[in-house]
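What follows is a structure written as structure tokens; I'll ask about it next.
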Amino acid sequence: MELVNIYRNMSRSREFELAVAELWEQGLITGEMHASTGEELVAAAVTACLTAEDSLSLTHRCSSFVVARGVPLVPVIKELLGREDGLCHGRGGHMHLFSRDYRIATSGIVGASLPTGAGFALAAKRLRPHALAVAQIGDGALNQGMALETLNLATVWKLPLLVVCIDNGWAITTSSESLTAGSLPERARSFGWLVGNADGADIEDVSQAAKALVKNVRAGKGPAFLYARCPRMDGHYLGDALVRLARHPVSDGRDTLTKVVGGAFSQGGSGLISRATGLTRMMGAIGKIRHTPAHGDDKDPLVITRKRLSKQGYDVAKIDLEAQEEIRCAVAVSLGEEHD
Amino acid sequence: MIELSLGQAIDRAIENAMSEDESIVLIGEDVPMLRAPLYARFGVERVMGAPISESAFIGAAVGAAMEGLRPIVELYMVDFLAVAFDAVLNHMAKLEAFSGGEWHCPVLIRAPSGGGYGDGGQHAQSLWGMLSAIPGLTTIIPSTPMDAYGLTRTALRHSGPVILFEPKLLSEEWLEFLGRLGREDLEFDVPENASGMVNEDEFAPFGRAVTRREGGDVTILSLAVGVHRALAAAEALASDNIQCEVIDLRCLSPLDRESIRRSVAKTGRMVVVDEDYRNYGLSGELAATVLEAGLHPTFVRVCVEGTIPYNHRLEKDTLPSVKRIIEAVKEICQS
Amino acid sequence: MIELSLGQAIDRAIENAMSEDESIVLIGEDVPMLRAPLYARFGVERVMGAPISESAFIGAAVGAAMEGLRPIVELYMVDFLAVAFDAVLNHMAKLEAFSGGEWHCPVLIRAPSGGGYGDGGQHAQSLWGMLSAIPGLTTIIPSTPMDAYGLTRTALRHSGPVILFEPKLLSEEWLEFLGRLGREDLEFDVPENASGMVNEDEFAPFGRAVTRREGGDVTILSLAVGVHRALAAAEALASDNIQCEVIDLRCLSPLDRESIRRSVAKTGRMVVVDEDYRNYGLSGELAATVLEAGLHPTFVRVCVEGTIPYNHRLEKDTLPSVKRIIEAVKEICQS
Amino acid sequence: MELVNIYRNMSRSREFELAVAELWEQGLITGEMHASTGEELVAAAVTACLTAEDSLSLTHRCSSFVVARGVPLVPVIKELLGREDGLCHGRGGHMHLFSRDYRIATSGIVGASLPTGAGFALAAKRLRPHALAVAQIGDGALNQGMALETLNLATVWKLPLLVVCIDNGWAITTSSESLTAGSLPERARSFGWLVGNADGADIEDVSQAAKALVKNVRAGKGPAFLYARCPRMDGHYLGDALVRLARHPVSDGRDTLTKVVGGAFSQGGSGLISRATGLTRMMGAIGKIRHTPAHGDDKDPLVITRKRLSKQGYDVAKIDLEAQEEIRCAVAVSLGEEHD
């Protein structure tokens, strides 16, 4: 039952992201829209452990958490559309989804979700026994000072804080291992955190890790760190040029490639080795993007989970259909269309 | 009524508010020792020492405020707010706007400010100009213990974020802690009447300036230590038959534009005395305030023009002194 | 002469400077990809990708500049400078003063700024007001490719720290990267003539404003996108027989007070068009500039009055629009 | 010979601090003057490994490094006095000692010495083969975001940076273990640093650790972290109220204690346990300060080192006398007095 609920939220999140992508393609959503496809499972499994008293501090890539938390979708979609009757009256937008009722805040400043989460946890600790706060964070963001500070603060203040670190291997165009020293779980451990490690495509793994950590945090034993690897399935944001370049180098990348090659062969500049190293690294990054799981292929966490539950006899097709219907309806209502 | 220093008045306001409102917590480096009486009274859960992680604990204060607490964050000095500027600019100030007015963030930041005790230019800034530029923040800057008490009390019932500047030169405790340090014969150029009477029942409103001295010839607009310097200058100028009106702004955001305009309309001359940097700050905003109202006073500013030097005499000359104010007033009275 | 966008002009200036001066290194998140041609040309030692640690890498740039390098630091957006504000306020700006003028810090920060593509209020700020308030910094804000090129070139020979604001709405590359993202039929309200001719031999001086249009009735002071809006408004107003003089400030610190005063003395009317926040910033400083010179123009400001909203239409109304400028000009021409 | 040179600089630093304390007592130095007594050995041993090409980024507690580095003392003392002919023309002061010739910078912003040091290291790497940068940092400062960020940055950029972390157990009135999670050497290790651990009172230990780390850094193997425990012998700064309270509770602490006791027994406020915990912690801090080594006692690192070298047959008394004479002379010259 529990796994089904998690799967339901995964499916809802994925449908939500697909619908958002369509609205975005149509130009109805402005700015940088970060899809959370690939991390639906982590979001769903973590929120499954929460009560209404718990709070969430999220990043720019927050949709799956928002959906799984059960925030009514029409105001959320309307907010993305910038409508006056959106969740934040059209003032916040995709990187600033705030819901007081659902205790959700987001921020477009990389790293800021941790201090805010620590504050939520502090309030919980004083005002709502057994409540906790969840703070989502990306792997790249764990190099940001305020995030690192919070690793220390939360421990010494013994805060009921669960950090969910989603390592998708990237920060925009930067492949994470190139600019992150050591390992992130080790990093958290060195600040005294209880750390859980999970494969973001393995529903049992994520769910068990989340439950175990939440239990500890609720028991007042201090903060915990859930480290989960997930693919970044749609690039940094919708329309990511690097993804387009990797997928269609000829049609979408010609200009870029021409300029780069021009630079590499310009007179003056650094020595050949230094230049070649640069070019090689760039090609490596593009290659890495090519190997990211695509929607529907057998490394897509949704597909993996669907298969697994299907084998266990659950009617996932029905869940998917329901999710599809729910989202289609929410979009139609948000656009002010009649819904059949 | 009790006689208190400006710093003690803030402490008292905090203590009274904390005893009335359980949701108030005090956060900051060394607060268990710096505010030992509060620590002893309200305990480890409400007076929380913080590691040297201003971004994290100010950011956490914002989160805590959103979820039902009313944190007071103490900084050692406003200069250090630079390491946590994001929490101020992009979070506490923007929450209300971003949430479409639905969520509030009642945080009070207590930030000692200003120089005058020879600590060098990273420990002597005022910075209220740039902080008041940020939409969504309230900035209060008392020059008397009564205002310090009353504005702090108001801040601790306000629904949004407030930055309280505590002029170190007016807080006997900071001067002792950072400057005198047990050296009994060390003198600072502390204004007379830095201590004063406080009525614990009186709150001070935001956005309301106070006329500290009336006069028809020149309007001196100031705040914090500057008010005391201006009053001393006005006293001296009175013997030259120049009558200065001294206005204590007290609150920069919101700014009491009405009172400023009324006085400047009367005198036609305007001197701004500001311990903060001259350019792109308070003195400019005051100029715009009168111009927008169609007033055309003669205008001069007595502000800080560069990085504040360590050398005590140079520091004194860099900060607005009585001497510089007198010269400025005379200059515009002649022209 | 080549035709370039504003962003390309900065790239070109950097590329030319890097090929002349070995000590220049380019540091920033994703710069190997964002500036791929430079990366390919100058290699991994001079184009250095940085982790998301703005305090550390801007602070490191300051240290590197002290010890013989000339770092260019790219930020994604000026809004994010808040997380590294200490490196700016307390270090790069103060080194020269603290060292008694003996040590210099030739750092250039390239900071994309401004809104207009619906990205929300943490990604649309200008902030040049508060940054220009800091003594010791130079701030440059081009509105044309030629100025972008020339000011960047000058900055890369200057001995002190410079902040270069790159208005995103004028940089086709940023609009594509942050707003359009492959969506071909998406329109932004980009001024005409955002691209322009660049002479690669021409440097632009600091502290010198440029008159973009002459006129005797009203002086419009602006910068960045505002200049283009002001020119469009001036065009429209000309048909109502109102002749606007449009001045592009280009550089806020140092500020060309002379040119401002000369024009305002001539027209007696002054409109400030500023994408930055209204209070305690540029518009005030300009008011002070004319008042200090004994000028008494009518005055009105067209600025940003609060947190910039996400909704694209509201955002447009919050930023200075041609319509608001026209109304402002008409208002002061009638009074 | 090498140990003698280290001892000489220790002795010079100690004499310097004593002289500064005297000037400070006389009111000739303003603001917060942080004495580095107790950490002379670490400063002397580290600077002994440096060449003129190396640079130093220091904190507010920098005197021992400045002295050991060999910066001419008259301009330094004049700077503390705020004189126009001081090292920085009286503009910088004790927290802002800058010497371009000696490649020394300091900052009064806690944590800032690390980014600056990383920048020095970057410049060294590109411009001066085999040169390195030293960045001093306090234990409390390692909770500051920009310092933590630099732990990552220096590793991934493979900078020739030696961080010297001086753990004196305190950050102003805060006892470090209470607000620092985990151990600092572990913290550095988790970011991929080579870490050395030394007792700041043991000359062989510190010297060997410093040499080994410097060798690694010079060899281009990336940054290294020297962690040294030292006593904070004169409190946070000269005139530290807590030190005065601990040493003379009756004469210097009566007011404070009265207020605290007043607070503890006020009506309203928190429960007894919370109050008592607070009081107990305060008393603990004062007690801890009482146990700090005092000048000249047998836990004073200078005394320990003096004894050790003396046993090895060195004429330490002569070195001390020379140091005394040098400093006395520098002070006299700085004050513009004739010097006999």
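Should a chain be cited, it is by its letter among A, B, C and D, assigned in written order, with residues numbered from 1 in that chain.
Heads up, the rule we're going with is that contacts are C-beta pairs under 8 Å (C-beta built on N, C-alpha and C of every residue); 3 or more make two chains touch, one makes a residue touch a chain.
Remember, predicted model here, so these are calculated numbers, not experimental data.
In summary, the chains found to touch both subunit A and subunit D are B, C. Counting C-beta pairs in contact across A-C and across C-D gives the higher total for A-C.
Most remote chain with respect to subunit B, judged by CA-atom centres, is A.
The distance from the centre of subunit B to the centre of subunit C, with each centre set as the mean of the Cα atoms, comes to 31 Å.
Separating the CA-averaged centres of subunit A and subunit B is a span of 42 Å. Among the residues of subunit B, those touching two or more other chains are numbered 45, 50-51, 53, 55-56, 79-80, 82-83, 86, 90, 94, 97-98, 120-122, 307, 309.
Looking at subunit A, one finds that residues 88, 90-92, 96, 107, 109, 143-146, 149, 152-153, 156, 178-180 touch two or more other chains. Residues of subunit C touching subunit B in their complex: 55, 79-80, 82-83, 85-86, 88-90, 93-94, 97-98, 120-122, 129-130, 132-136, 252-253, 255, 270, 277, 279-288, 290-292, 294, 296-301, 305-307, 309, 335. For subunit A in complex with subunit B, the touching residues are 55, 57, 86-92, 96, 98, 100, 103, 105, 107, 109, 112, 114-124, 126-127, 133, 145-146, 149-150, 152-153, 156-157.
Residue ranges on subunit B touching subunit D, taken from their complex, read 18-19, 29-30, 32-34, 36-47, 49-56, 79-80, 82-83, 117-123, 176-183, 185-186, 307, 309-314.
Of all residues in subunit A, only 24-25, 27, 30-32, 79, 82-84, 88, 90-96, 107-111, 140-141, 143-146, 171-174, 178-180, 237-242, 244, 252, 256, 259-264, 266, 268-271, 273-275, 277-279, 281-282, 285 touch subunit C in the complex they form. Note for the complex: subunit B touches subunit A at residues 23, 25, 45, 48, 50-51, 53, 55-69, 71, 84, 86-87, 90-91, 94-95, 97-103.
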